[in-house]
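The following pair of complexes shares a single chain, chain A, combined with chain B in the former and chain C in the latter.
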Partner chain A sequence: MIENFLAGSSALFGDPVTIAIFVFGVIGGMLFGAIPGVSMLTLAAILLPFTAGLTPAQGVMLFAVIYCTGTYGGAITAILFNIPGAPENAPTAFDGYPMTQQGKSGKAVGAAVLCSAIGGVSSALIMMAATEPLAQWAIRNIGPPEIFALVFFGLAVASSVGARTIWKGWMSVLIGLLIATIGQDPVGGINRYNFGVGDLAAGIAFVPAILGFFAVSEIFVQAERKAGGTYKAPKVSMSFPTFLELWMHKFAVLRSILVGFFCGILPGIGATLAAFMGYGEAVRWSKDKESFGKGNLEGVISSETANNAATGAAMIPLLALGLPGGALTAMMVAVFQMHDLQPGPLVFYTSPDLIWVVFAAMFYANLSILIIGLVETKTILNLLKIPFQFLAPLILMLATIGAYISRGLVLDVMVMFIAGILGYLLRRSGFSIPGIVLGLILGQIGEQNFAQGMQMVHYDLGTYFSRPICAILIAAGAVTLFANIYRAFAPAAQPR
Partner chain B sequence: MKKMFGTAAFAAAMAVSGSAFAFQCAVSEASMDKPGGFPERALTMIVPYGPAGGSGQVAAAMAEAVTELTGVAINRDHKPGGSGTVGMTAYMAAPADGYNVLEHIDDASSAHALDSSLPNPAEDLIPLVVSQVTFSQVYIRSNEDRFTDWPSFVEWVKAQGGRATIANVSKEGSMERVTMRFITDATGMEIQQISFDKGAPRYGALLGGQVDALFEQPGDVRNFLDAGQFKPILTIFDERPGVFSDVPTHREMGMEFDPLLRFRGFYVHKDAPADRVEWLQWAFQRGYCEDSYQAYNESKFMNVIDSYRDTDGAKDLITRSISQYRDVYKAMGLDVK
Partner chain C sequence: MGRLKRGHMIEAAIWLLIAAVFFGYSFEFNQPIEIYKFGATAWPRVVVVLLVVATLGNLYYSYLYGSSAQQGRMGISNEGPQTDFSDPGTLTKMLAVLFTPFIFAWLLKPVGIYFAAPFFIAAIMWLFGERRIKAILIMTAVIYVIFLGLFLVILNAPLPQGNTSPFYDYSAWILKMNTQLQNLW
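And then the complex of A and B:
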């Protein structure tokens, strides 16, 4: 493995053109990941035709690098402005933005940079060591029932995040789950709650909903404070987390690497589920659950470690089996095909050089996050010095563009503003925005897999428990659920 | 059954075209004057599916070919969702000035067949070219030892008492669901269809043994076929295509229904100026002839049967498909509007 890695590194850095492509991918991924609406997918789609002029190794490597750095890029805007660049950065905003408001933006951004790099590098190392056996294990043992069980397990702790009471936490999650049912059902294609609006058949898109619930509702809250004379500009903090602070969260990092890697390896799931599950596990294992959603550094650490840990993992089913885990890895298939190659088990024998250039590039791309992230962070933090009366319209404009540009639908802009108003009103009443977003995103993934799983077990719920992984996850989720209900009746359930 | 599902002549014509196919470029003119300077800016191609799937890839290949030919850039605007309805709605709302074109698949025809208030691709749109026509197959894992061919598969499925599974895209009224209905009616077997709307989980389900079989088109699983991981056991077409000469057709296995085909093509709004439509027809039909596009089609098994239809041929294909689907839906007891 080490010899192959060195050979891949040598091929990567032995050619100026390849180095230039690598650097372009690193910076382009970060930029496109950070701007809401224009994600790393936008950059990848633009670049796809141009990869025909590159060597196969350069083309696939470019996309792999964009995947690594693009997944990190959205964390910065999520922490500083409550605008997640992509759905996989949404859990980062749950605690990252409250930290900014508390004057701890430097710690949040520093942790995001470091943990993205740790998650990504760890994932790349595991990927190099065990791609083929892991891919074979995953497709044999993880099907729709297990994925649904995983989502159920994740949702079981969602009520603990950010709400005034447990009951309001659960109501928030249920609102998210309800919103997730809008549009065609994922199995039969039957329209639900679309009220004859054709565009709603596709459901509520994640990006405008997240922008509305986070960015727009926050603008309304801050505007109200400004009008009432209680607005306080966030302090610009340049202090990064200390080694001791990070060391205290070592188990959270380790857990998020495992969770992120596990989610990333599942075909068609990817970094979004990884980030939400990583965050959920941080809440589950914490002794201070109520502090999540209010500026707990572990929330940022868990989310950012997990989503980058998913990047290397997502390459495993792609390279070992030819199964892309998400939209960007699916575009990598097109890059392979442009060069008359097919990802899959044979590619390890037919194009080993290509594979190791890609592996090495992903490793170094994740290291680049650390270097570039730390260098750029102090500059980016100064954005917080922009006065609210200038910053708010700028954020609204960026969010509106971001909501529209992802699908080119006016409906999405309307969804964003409706979500913003709804989010504003629900926050005033003590409901949890993270809970709603958890319900929305996990609901869409969970419903699809539940329906497919029910078909696989012939609509016999009991058969779910005959699958060991599924049974363990559902049982663990149920225990958490009942513990939450118990707590709701205990004195701790008083308004907090 | 044959009478019920009608259009036997259509199937026969398809079979003939399948057996006699050899690529010939139908558009002889290598260049055409731009009418009144049109197009003087980039075209926009609305694609109702994501960039990574079959539609996204064929849209990219055709856009590249047309740009190579004409020098006119084509911006692809992906509007996925609702089985193509979101993209279709967006396209119908876009200006009918010839600058906006649409990529769509046979789902638009089956959707109109089920609900006539939705656009009819042969009447509300003008097909510029249909550039991919393909058939479906049933696949099993190559290392499968419970069954090895279609007869043993049917026998095994019947023995499972309805617990056997097949992965496909089995949304209401879809080509996959309708064809599976034909197959189960004809064989008397009962099989649970598992609907996966994305390719990777669908193929992974067969690879990992989560399902027993897979219903798919050969171009979409070519890498698994080339790697020797999947094995076709049934071709749903009237004749054996050359590259699958060892795979029996559904008719050979005693199933007398007309195969439903998957097709992808490019369209412009019927109200677009006629001279612009004519230029677009030339550009897209000639684009089909470009080497880059032909290489793409070949890589997707789209040269196995005749994949080309000009405007009239496409209208004929769409109209017949709509009629065929409508008959099927009525026979299935669906609410045809």
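And then the complex of A and C:
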């Protein structure tokens, strides 16, 4: 492994063009992740056609680097503006934004830098050591029933955070699942709920919906506060977390690495669920559950460690099985195909150089988060000093471009603004925006894997429970669900 | 009535209506799939039914406890004091903020982003309470230049150019300027 890693490193740093692409990916990912209104997906969508002019190794490496640094960059906007750069940063906002309101933005961003780097580097190391055996384990033990069970567990966890009541938590998730049914059904390709609009046959694209629910709705919330005279400018603070503060959360970091890596390795699940599960587990194991959502540093640490730990793991199903774990890894498949390559088990034998350049680049990209992140944090924190009346049009402009660029449809811009209004109204009523987004992302994956699973077990649902991993995940989801319902009506659960 | 208010019942009625529309519309694509006996409708219908259950559960919770948040909930999206919209001025301002982006989105096809963007940027600043004309003009120019510099000059991103004259001609002129700029290096 070490020899391969060194060979990958020398291929990466031995060619000036490859170095330039690596640096562009690192800075571009961080920048697009950290600018409110656009995300790493916007950058990736713009860059996709240009990768045809690069070598396969350079193209895949560029996207892998953007994935690592963009996942970290999205935490910045989540913490400073309550606008997650990507869905995987949504749980970061639960505690990160309250910390900003309390004047502790420096601590939250500092923790995000460090934990993203730790999560990402650990994940890259495990990925390098264990891609092949883990891929073989996944092939043997993870099938559609297990993925469906994990989706169910993830949705149960998502329903328990972010909304005013468990019912609104589940309603949020179900709204997301309902939106995900718009477009073609994943088994037979039959058009559903297009309401006579031709472009809706392709479904609701993630990027505009996510931008609308997160970025545009937050602009509307701030507009309401401006209109009502209750707007408070966030406080800027430059104090980073101390070593002792971070050391106190070492178990949370370790747990989130494991959770993040496990979620990342499963095809189709990716970093979003990892972040929710990392956050959910932090709450579950904490002695001070009430402090979560009010500015608990462990909330930021758990979510950011888990989502970056998933980035390395998400490469395993992509490279070993040819299955993308999310939107960005799906674009990597397109990069492979542009160069007449097909990701899958054979790529380890046909293009080992490419694999190790990508592995080495991901390792160094995660290290760069630590180095560049700490340097740029102080500059980024100054974004808070820009008056919101100037920041709002910039965010809306960038979001408009971000929504339009991936498919070139004005309809997507409309969808974004509709999602923005819907998100604003639902937030006022105590619904969970991250819950809706997770439902939207996991809806198709859940349905597809449920259908495949049912076909596999000849429509005998009981077979799901004879598969140990599947049974454990369904049981865990059911326990989470019923415990929350019990809490909703238990005598001790007096509302606050 | 317990602690139920009219708002709770309206909210529940809206969700039940949405569920009814989605359930009813599912008959439009109720076709069999040869390889999957549950067809294309089973999943959406289950989601709709669960949405009805959750809506009724929420209504019952509101009956018992009103609008209060459940104890132990984390990361609630929008806690804190909510604005009183009984003042018509506040309501008008908010409605203008909500609908201006729609007008902008609707204008993208006929007018194009290059022409519509400066007006949209200035309008949003105005709606967010900025009243200094000089500040609006300067910041609009700054944001417009950032937008052109990043997406047109550096990234060459394909953006809507409009399809009616003279807006289309303006977009064509901007693109021509960009090409000439690119040719300089």
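Everything that follows uses one rule, which is that the second predicted complex is superposed on the first by the 324 of 496 C-alpha atoms of A that agree within 3 Å, B and C clash if a C-alpha of one lies under 4 Å from a C-alpha of the other, contacts with A are read in each partner's own complex, and residues count from 1 in each chain.
The rule we apply is simple: a residue touches a chain if its C-beta (ideal position, glycine included) is under 8 Å from a C-beta of that chain, and two chains touch if they have at least 3 such contacts.
Owing to the predicted nature of the structure, the values given are computational and were not obtained by experimental measurement.
In the superposition on chain A, A:6 makes contact with neither chain B nor chain C. Of the two partner chains placed by the overlay, neither chain B nor chain C lies in contact with A:479.
Once chain A of one complex is fitted onto chain A of the other, the partner contacts of A:408 extend to both chain B and chain C. When the shared chain is aligned, chain B comes close enough to touch A:456, but chain C does not.
Residue contacts after overlaying the shared chain place A:17 against neither chain B nor chain C.
With both complexes superposed, C is the one of chain B and chain C in contact with more chain A residues.
In the superposed pair of complexes, A:371 makes contact with neither chain B nor chain C. When the two complexes are overlaid on their common chain A, residue A:188 makes contact with chain B and with chain C alike. Counting contacts as defined above, chain A residues 187-188, 190-191, 408, 451, 455 meet chain B in one complex and chain C in the other.
Against chain B, in their complex, chain A makes its touches with residues 41, 45, 48-49, 138-144, 183-184, 186-191, 198-199, 201-203, 267-268, 317, 321-325, 327, 330-331, 333-334, 337, 340, 342-346, 407-409, 448, 451-452, 455-456, 458. Here chain A touches chain C in the complex through residues 46, 91, 93-95, 160-171, 174-175, 177-178, 181, 185, 187-188, 190-193, 195, 216, 220-221, 223-228, 230, 279, 283, 289-290, 292-293, 299, 387-390, 392-394, 396-398, 400-401, 404-405, 408, 410, 413-414, 416-417, 420-421, 424, 427-434, 447, 450-451, 454-455, 459, 485, 487-489, 492-496, going by the rule given at the top.
For chain B in complex with chain A, the residues that touch the partner chain are 50-53, 57, 60, 64, 76-83, 85-86, 88-90, 162-163, 165, 170-174, 192-201, 203-205, 207-211, 222-224, 226-227, 229, 299.
Residue ranges of chain C in contact with chain A, taken from their complex: 11, 15, 18, 22, 25-26, 29, 31, 33-40, 43-44, 47-48, 50-51, 54-55, 57-58, 61, 64-78, 80-84, 90, 93-94, 97-98, 101-102, 104-106, 108-109, 113, 117, 120-122, 124-125, 127-130, 139-140, 143, 146-147, 151, 155, 157-160.
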